[in-house]
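Each in structure tokens, the structures are laid out below.
After this come two complexes, each holding subunit A, first together with subunit B and then together with subunit C.
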Partner chain A sequence: MADASSICKSDFCNAGWAEVLTHMSPYGFANFGVAFGLGLSIVGAAWGIWLTGSSLVGAAVKAPRIRSKNLISVIFCEATAIYGVIMAIILTNKIKEPELADSYLSANWDFNGFYYAGYGMFSAGLSVGLTNIASGVSVGIAGSSCAIADAQDASLFVKILIVEIFASALGIFGIIVGIIQSNACTFPVAAL
Partner chain B sequence: MDNPSAFDTCPTIAPFLGYAGVALSIILANTGAAMGTARAGVGIMQSGIKSPDLVWRNLIPIVMAGVNGIYGLITSIVVLGSIAMPSMGGNNRYSLYTGCAHLAAGLCCGLSGLGSGACIGIAGDAAIMACGSYDVESKRSIGRRRGDGKKKSGGGEKLFVAMVLVQVFAGNIALYGLIASIILSQQIFYCGGE
Partner chain C sequence: MPTAPPKGATGDLTTFNVFHGFPEALVRGMRSSFLTDADYHHLTQCETVDDVRLNLSESDYSSALADMAVMTPASLQKAAIEKLVTEFKYLRSQAVEPLSTFLDFVTYEYMIENVMLLLKGALSGRDINELIAQCHPLGMFKESTMRSIPTFENSAKGYADLYQTVLVDTPVGPYFAMFLQESAEHRGDSRNVLEEVEIEIIKSSLIKYWLEDFAQFVEKLGGDTASIMGDLLKVRADTNAINITLNSFGTPLNEPAMRASDRKRLYPAVGHLYPVGSTMLVDVANEEELGRVLELFPQYKAIWNIHASGQGDISIDDAFYERDVQTLELAFESQFHFAVFYAYVKLKEQEIRNLVWISECILQQQKDEISKFVPVFSFHSPWREKKRS
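Presenting the complex of A and B:
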């Protein structure tokens, strides 16, 4: 496998990916999952809102009647952010510290269980966050098209709203996968 | 936990690969679906302004792009059901073999959904605007040749059929990725039996 001449001499080297991934705390993985889940969802929602909002107010200069109806596009983008908040709340409630208060855990703890939970929460957060970026941008572009089309012809609003509904369904797929992933992830609180 | 070896049959990091497969599948497939939906939606707006009655038919690229997102969801859920928790004694049951297979399954479905979704969007955008402008052109020429008596040829219909064919071929490639990922997700080995 690895002979002495190829192993890095410093104390801070890792022997491979297995060491890298198991030298980072599972609580770190879990909390980064929470952070990415919430933060990236908000980035996606924000992206969608500025795309829709700027087209909305621009088109409303010549067609003021579209103002109130097209706010529904902004609400679709906001829903993307709500999915991120839901995921963050679910994950945060699952991050539990061990019941004993020692400075280190003895050998009879379920270390594999810690890492299983940590990796699962990281993946759940990334699934929700990055899917919501895609969904938010897509809803934003569709909402912008909706506002411009509505300004031209009022009968087009409902037809292009269907495009927005399909786009926001992508965010729902993301949170479904995130919730199922987080179901199985529980941190061990007591020794084996 | 000192010196964890990556060459154990069921190392600690194996669930990382499995969960990475789940996440990549849903993320990449939905990114492709979002690209397709957004691009085709702008085309619908542009052609719908001049030809409002064609909008319902032009929703086909949107539906095809949404189906790509569903493929990603299917793969994620299938793989997620097979990621085994560590057993009661603290030993990992999920093998590196299964973890790598699930990572590959996620990448297969995700990347093919990404490509397919982008393709559906670009091709759908062009096709929708072509159908819309054909409709406008034929209406304009009907106006000029009033009293011609000749039946209008079904040129618009043929263009629509071509659009549907292109969309079907574009959606097929994501289906290939789904098939490969379903086959990959069946490659399961658990330490300590089932």
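Presenting the complex of A and C:
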């Protein structure tokens, strides 16, 4: 811990992490929410696609008939990225520029709503991003097994596809909760 | 141990496919090329070897047999092994570390066998070209290396020269060095040790070092590979230990002094039998005592009972083959590990043994013997039948 002499007494000093976070602009939080929601969803989708894709290509060498059918697994992974894009569009539309002439916020500005919107959109983006990573990876693993199983026995394809649908549903849970989370988030545009 | 730790990791469920997804899916695709129960049924109905060929033309073997003038069991075996080797080399060319080292490990076994075949052939004064033709294509060295192996004399000095000039550059060199070193330490006289050691003992020691090295490598890979492949190697090591003991009966190796000094050194330091079982095996002097030791290990008790009862003329080798097929098939039950590559090679070898057996039986008109083979991935395997009933 810092000793007494090094503690800053001025009003303009940084008083710790709580202040670091509150001093970040809610617009910044909201935009980071968009970035995480989209970015992590796409990480999940890409992860799933290479898990599936490498197995699909390998298994198709001996059983070429599986190649078009198993593109469904790749599409399921892709859907994960689309959830991220949908969420990113919803969140981006909620970020509104304030109608202020100068760069200072007036005293009767709705600070509660302002911070609520920033944190809410950040969390909504993160919820969507993290669930989509989990969803993308699990769809990818199921898709990889699906390609290999289908190459051996075509009747297994539909059965494993159902497993994949459930894995894909994980991403939908994320986006539903994300939308609800961000629903009440509205950036104030003018002072009250 | 000679082999360096694996470069890179196998990866787990979520990362295995980065480097090894394609080769793994390839080998699993190749699994569909195994002959089915229906194929075997048709093959056993054949009257002539040409019928066998006709039946195989529907299978994955068709292109391998296409340009063969007259099919004999020997030429069928050669073509089938060649096909397996082509597939294996394709997999090897697609592999990156650490899978490539893993696949190399699989080939070392054949290299050891080839070196021993060449040395043994040279002892009986056979033609070098004929010997090289007999070598397993998976364990081939460079042509010049192959030709120079049988030129060394069968003495301690000859083997030391063989190691220093030829084998030191090959992957099996370190095993040979370990063997030379151990026999030198053991007897205390490095010059005269090897003369009386039979080729089979050298081979058993080299295989033992290979197994231990491989087991350690697999252990370092970790994950599912370590557990599944580790188990396959353990089973393999136990089979070797039991076979070494069984084959030593009636040979000088079974003399009380040799048992503790020489036979003991041939038991691999891996396996379910190690260390308790292999310590007990040291004192075994005859089949009865061997049976008493194996009685303590449930997984080998059943196999031993097949051998001991002597009925149904199923040899212990057949019992081991059946057990091997059962354990190797299990490697295909889970994904994202390396053991499938080893299992694929071994199961294909079993299939080739089956094909040779069937065509030999047809050639020699031994129809009642024809069904004595172990089909691979058969729906009617005893262990599957048991599960269904």
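Keep this in mind: the second predicted complex is superposed on the first by the 176 of 192 C-alpha atoms of A that agree within 3 Å, B and C clash if a C-alpha of one lies under 4 Å from a C-alpha of the other, contacts with A are read in each partner's own complex, and residues count from 1 in each chain.
Convention: contacts are C-beta pairs under 8 Å (C-beta built on N, C-alpha and C of every residue); 3 or more make two chains touch, one makes a residue touch a chain.
Bear in mind that the values here come from a model prediction, so they are computed numbers and not experimental data.
Superposition model on subunit A: subunit B and subunit C are shown in a clashing arrangement.
Touch criterion met: A:141 reaches subunit B and subunit C at once. In the superposition on chain A, contact of A:152 is made with both subunit B and subunit C. In the superposed pair of complexes, A:130 makes contact with subunit B only, with no contact to subunit C. In the superposition on chain A, A:30 makes contact with neither subunit B nor subunit C.
By the document's definition of touching, of the two partners only subunit B reaches A:113; subunit C does not.
After overlaying the two complexes on the shared chain, residue contacts for A:49 are found with neither subunit B nor subunit C. When both complexes are overlaid on chain A, the residue A:61 reaches subunit C alone and has no touch with subunit B. Put simply, more of the residues of subunit A are touched by B, taking subunit B and subunit C as the two choices.
Across the options 58-66, 76-84, 130-138 or 184-192, subunit B meets subunit C in a clash only at 130-138, per the superposition defined above.
Overlap of the subunit B and subunit C contact sets on subunit A: residues 137, 141, 145, 148, 152. Of all residues in subunit B, only 1, 3-7, 11-13, 15-16, 19-20, 22-23, 26-27, 30-31, 33-35, 37-42, 44-45, 48-49, 52, 55-56, 59, 62-63, 65-66, 69-70, 72-73, 76-77, 80, 83, 85-86, 88-92 touch subunit A in the complex they form. Of all residues in subunit A, only 1, 15-19, 21-22, 108-113, 115-116, 119-120, 122-124, 126-127, 130-131, 134-135, 137-138, 141-142, 145-146, 148-149, 152-153, 155-156, 159-160, 162-164, 166-167, 169-170, 173-174, 176-177, 180-181, 184, 192 touch subunit B in the complex they form. Subunit C contributes residues 13-14, 17-18, 21-26, 28-33, 335 to its touches with subunit A in the complex.
Per the touch definition, subunit A reaches subunit C in the complex via residues 47, 50-51, 53-63, 137, 140-141, 144-145, 147-148, 151-152.
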